[in-house]
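After the structure tokens below, expect a handful of questions from me.
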Amino acid sequence: MSGTRRLLAGLNRRPRLAAAALLGPGTLWLLLFFFVPIAVVFAYSFMTRGVYGGVTGGFTLEHYRRFLDPLYLGVLRRTVALAVSCTVLCLVVGYPVAYTIARAGRWKHLLLFLIVVPLWTSFLVRTYALIFLLRDTGFVNAVLLALGVVREPLVLLYTPGAVLAGLVYGYLPLMVLPIYVSLEKLDPTLLEAAEVLGARPLARFWRITLPLSAPGVVAGAMLVFIPALGAFLTPDLLGGAKQMMVGTLVQNQFGGARNWPFGSAVSFILMAVVLVAVLAYLRLRDRAPMEAVA
Amino acid sequence: MTRRLPRSLVAFTALCFLLLHLPVLVLAVFSLNRSRFSVQWTGFTLEWYRRLLERQDILAALRVSLTVGAVSTLVSTVLGTMIALALARHRFRGRTLLEGLLYLPIVTPEIVVGISLLLLFATLHMALGISTIVVAHVAFSVSFVTVVVRARLEGMDRTLEEAALTLGADEVATFRRVTLPLLWPGILAGALLAFTMSIDDFVITFFVSGPGSTTLPVLIYSMARRTIEPTINAVSTVLVVVTTVLIFFFDRLTRGRGPREGTL
Amino acid sequence: MTGTGPQSSDLVVQLSRASKRFGTVTAVDAVSLDIRRGEFFSLLGPSGCGKTTTLRLVAGLEEPDDGDVRLLGKVVNRRRPYERPVAMVFQNYALFPHLDVRRNVAFGLEQRRVPADRIRERVRRALGLVRLDPDTYARRMPSQLSGGQRQRVALARALVIEPAILLLDEPLGAIDLKLRKEMQLELKALNRQLGITFVYVTHDQEEALTMSDRIAVMNQGRVAQVGTPAEIYENPRTAFVADFIGECNFFDGTVAERDGAMATVARDDGLRFRIPAVNGVAPGRAVRIAVRPEWHDVWRPDEVPPAENAIPGVVRDVVYLGETVHVLVRLPEGADARVALRNEGQLTKPVPWRAGDQVAVGWLPEDCQVLEEE
């Protein structure tokens, strides 16, 4: 038996060793370039700011304390409010869309493709496209002016509405897909049984479709809420300085403000909020397994 | 489900799709507009696309994007496939922990990932350049590749490999002649996804790229900050078209495989 | 089996107290089996009895935790499947979906680096063996074949490498009845024709009885009995074997006395019946006998022949099964006895029993099987 053969046969016999060999490189990469950096951020959040930016050593809680200033708490509040509004809007818009796709028959595949493409298209390009549309000399205003609907260009950019619109526009596909998946798995015979038992369309939706699609709804809400919390591009490009969210706050600390430790602290607070949301989602998901029994 | 959908629902959905795609479509349309400044349509032209080929900064950014894309795709596909093989084929302790950890890159806000890597490179006194971008892209792509390849693996019939073993093929030959050919569409799909994410990424790349290593999205960002010119529209449209084509092939590769490809 | 048993060179598969555990579950528990060259040997038992795991131990897809596996006289415990003289046909066929029929069948030959023209020839011959026309089927993909056709291709793929031992894991499970019966006969014919040893796993006792030279009945990881179909059916050793194969009525009692070749057994309700005094039958011993439905007769209570044992009861139902008519008799202890009477034409010579009749279920003392303890 050749050397490689013997090695592989031996590995086959020791599944744990084989698993370790396969997992090793990838896990190592993730550890080094994902988890260690996060730990570095954590460490930095306790250090003192250097005179010209960067850090000097020492241990201090001043950056976390600084975050408790109403100014920054306000940013956090606005961020959470915007993330929640975005999630709710995405749900209200996304559910009907997902429902339609699930019932679309022949068109299902095309529609799914049309939902997936924006998901993977560069977020920057999409956001820039929104700027192109919404700015004072942009497309929307040009149309409105040409039609005589308004006499002066509407200020659409750099408003809270613009940021919210940008967030919904960006994350809507993330809400639609999980809801679609759970609606797709819905057993149509359940609805037929309900109909035979006398339930009318609205009742069937309310009592069967909606509850059984709840896992998809919750998953979609998570997939929208979490990135929305950490949104940076949208408030930066569409909101301007007045609509600061936690993401832009962090970016400022690494850009103009050059306060890396404070930026690290804010990042960590952001991660903590995200973690709380994820844990809440997991608990919610495990407590109410709404699997339809086929 | 043959019952007709309410017309209002269909109209609403159509409107949503329109709004979802309108911005980019408008962008693309105006990349063909002769006028430089206004949004009045003054005529059809490919001038702005021609200009792309003359702009050194755009060509350089394209080169960087492709290089980073190719390298990071290769690395993350190999690593992600290995992890998927381990997860799908082996039982081991700490498995659920690992799965949870693999989901973290997907869930963590991009800005946090970006600055964390920036801090790491600063601490290590590493210069920001193509290699740092590659490192970052691999870090966030691996999890996605793993998910895609694993889905394909779990749909695969394990008795196929057992049959190959009983027919005289050792582990290497079995992998080469049975596992790999059947897994290949999944690996390719994962690679396409990794490449798409790499060329389209902005936030993370923004933090870990240096002066000589600007990618297309980062270039678009800085161009957009300075002025609004149709060249930006053109380069953005190119990026969107490329992405759409890639996702089209990704869709083809991940569609319709599964139970039909098994042996029953 | 000693003395007149087979020479060890005739034994192609030998399991010596082989065991396999998965976590806390013992799938195969100290199993010992000897399989002879060229025989059609079946592993029969209910789901979970360990028959498939035993087959996989022979194949090398599992390695024994204890005991030995010998193939062609050599210990192969640690040898991989590709180092063993075996080929296997799987329950779900396991045809490579990315290869056409020709390349599926040629797979093992290509592994062995057989020259291309020889491969072509042998593939054609193998497809002919399983009655698939090479010209029609060679280029088809597995997804274009029916279940029965796929099974034939799987068989051809295994046979073409001319293995010493062919392992089959419930290969006919997913095939419909009529085709299944055809293929059973074909498999049996191939076994005879090629002289290859077949080890066949099934849960279908009729299938095992039809095809096998010998059967090993398994239960909960152990071998309950090994024997020819006749031995298994007519002389089941334990209640499990008696019940699993065919149908059986069971009667319990305690040995009252023994005189020479016979013994008398007394039941709790006072009835007595006579049994052959086989080994271990001694007064005071609790005993269980098995009587197959076709060994029984049904009599009017006063017309029972003196030589027969009889238990009184009331007819509960008469079931028409075509070849036979089954009479279900409710016995005093509440259980039913099933009696199978040959159908000599219900329209001309009908069975005289109706539900509600008082009858006696009888059998000759030698027409029973004294069961061992499990």
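Order of writing sets the chain letters: A, B and C. Residues in each chain are counted from 1.
The rule is simple: contacts are C-beta pairs under 8 Å (C-beta built on N, C-alpha and C of every residue); 3 or more make two chains touch, one makes a residue touch a chain.
Everything numeric here is computed off the predicted structure, so don't read it as measured data.
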* Which pairing of chains gives the most C-beta pairs in contact? -> A-B
* Which chain lies the greatest distance away from chain C when centres are computed from Cα atoms alone? -> A
* Structure fact -> Taking each chain's mean CA coordinate, chain B and chain C are separated, in whole Å, by 56
* Geometric centre distance via CA averages, chain B-chain A, whole Å -> 16
* **Computed distance of Cα centres, chain C from chain A, in Å** => 59
* Asked: So which bits of chain A are touching at least two other chains?
  -> 9, 12
* Taking each residue of chain C in turn, which ones touch at least two of the other chains? -> 80
* Asked: Among the residues of chain B, which are close enough to touch at least two other chains?
  -> 170
* **Sites on chain B touched by chain A in the complex** => 1, 5, 9-10, 12-13, 16-17, 19-24, 26-27, 30, 37-40, 78-80, 82-83, 85-86, 89-92, 98, 101-102, 104-105, 107-113, 115-120, 122-123, 135-136, 138-140, 142-143, 146, 170-172, 193, 196-197, 199-203, 207, 217, 220-221, 224, 228, 232-233, 236, 239-240, 243-244, 246-248, 251, 255
* To do: Would you mind writing out the residues of chain B in touch with chain C in their complex?
  => 157, 159-160, 162-170, 173, 177-178, 181-182, 260-264
* Residues on chain C engaged by chain B in the complex (per definition of touch) -> 59-61, 80-82, 86-88, 90, 92-98, 107-108, 111-112, 142-143, 147, 150, 157-158, 161, 167, 174
* Report the residues of chain A in contact with chain B in the complex, numbered from low to high. => 4-5, 8-9, 11-12, 15-16, 18-20, 22-23, 25-27, 29-30, 33-38, 40-41, 44, 54, 93, 96-97, 99-103, 105, 109, 111, 113-118, 120-126, 128-133, 135, 137-139, 142, 169, 172-173, 188, 226-227, 229-233, 237, 247, 250-251, 254, 260, 263-264, 267, 270-271, 274, 278
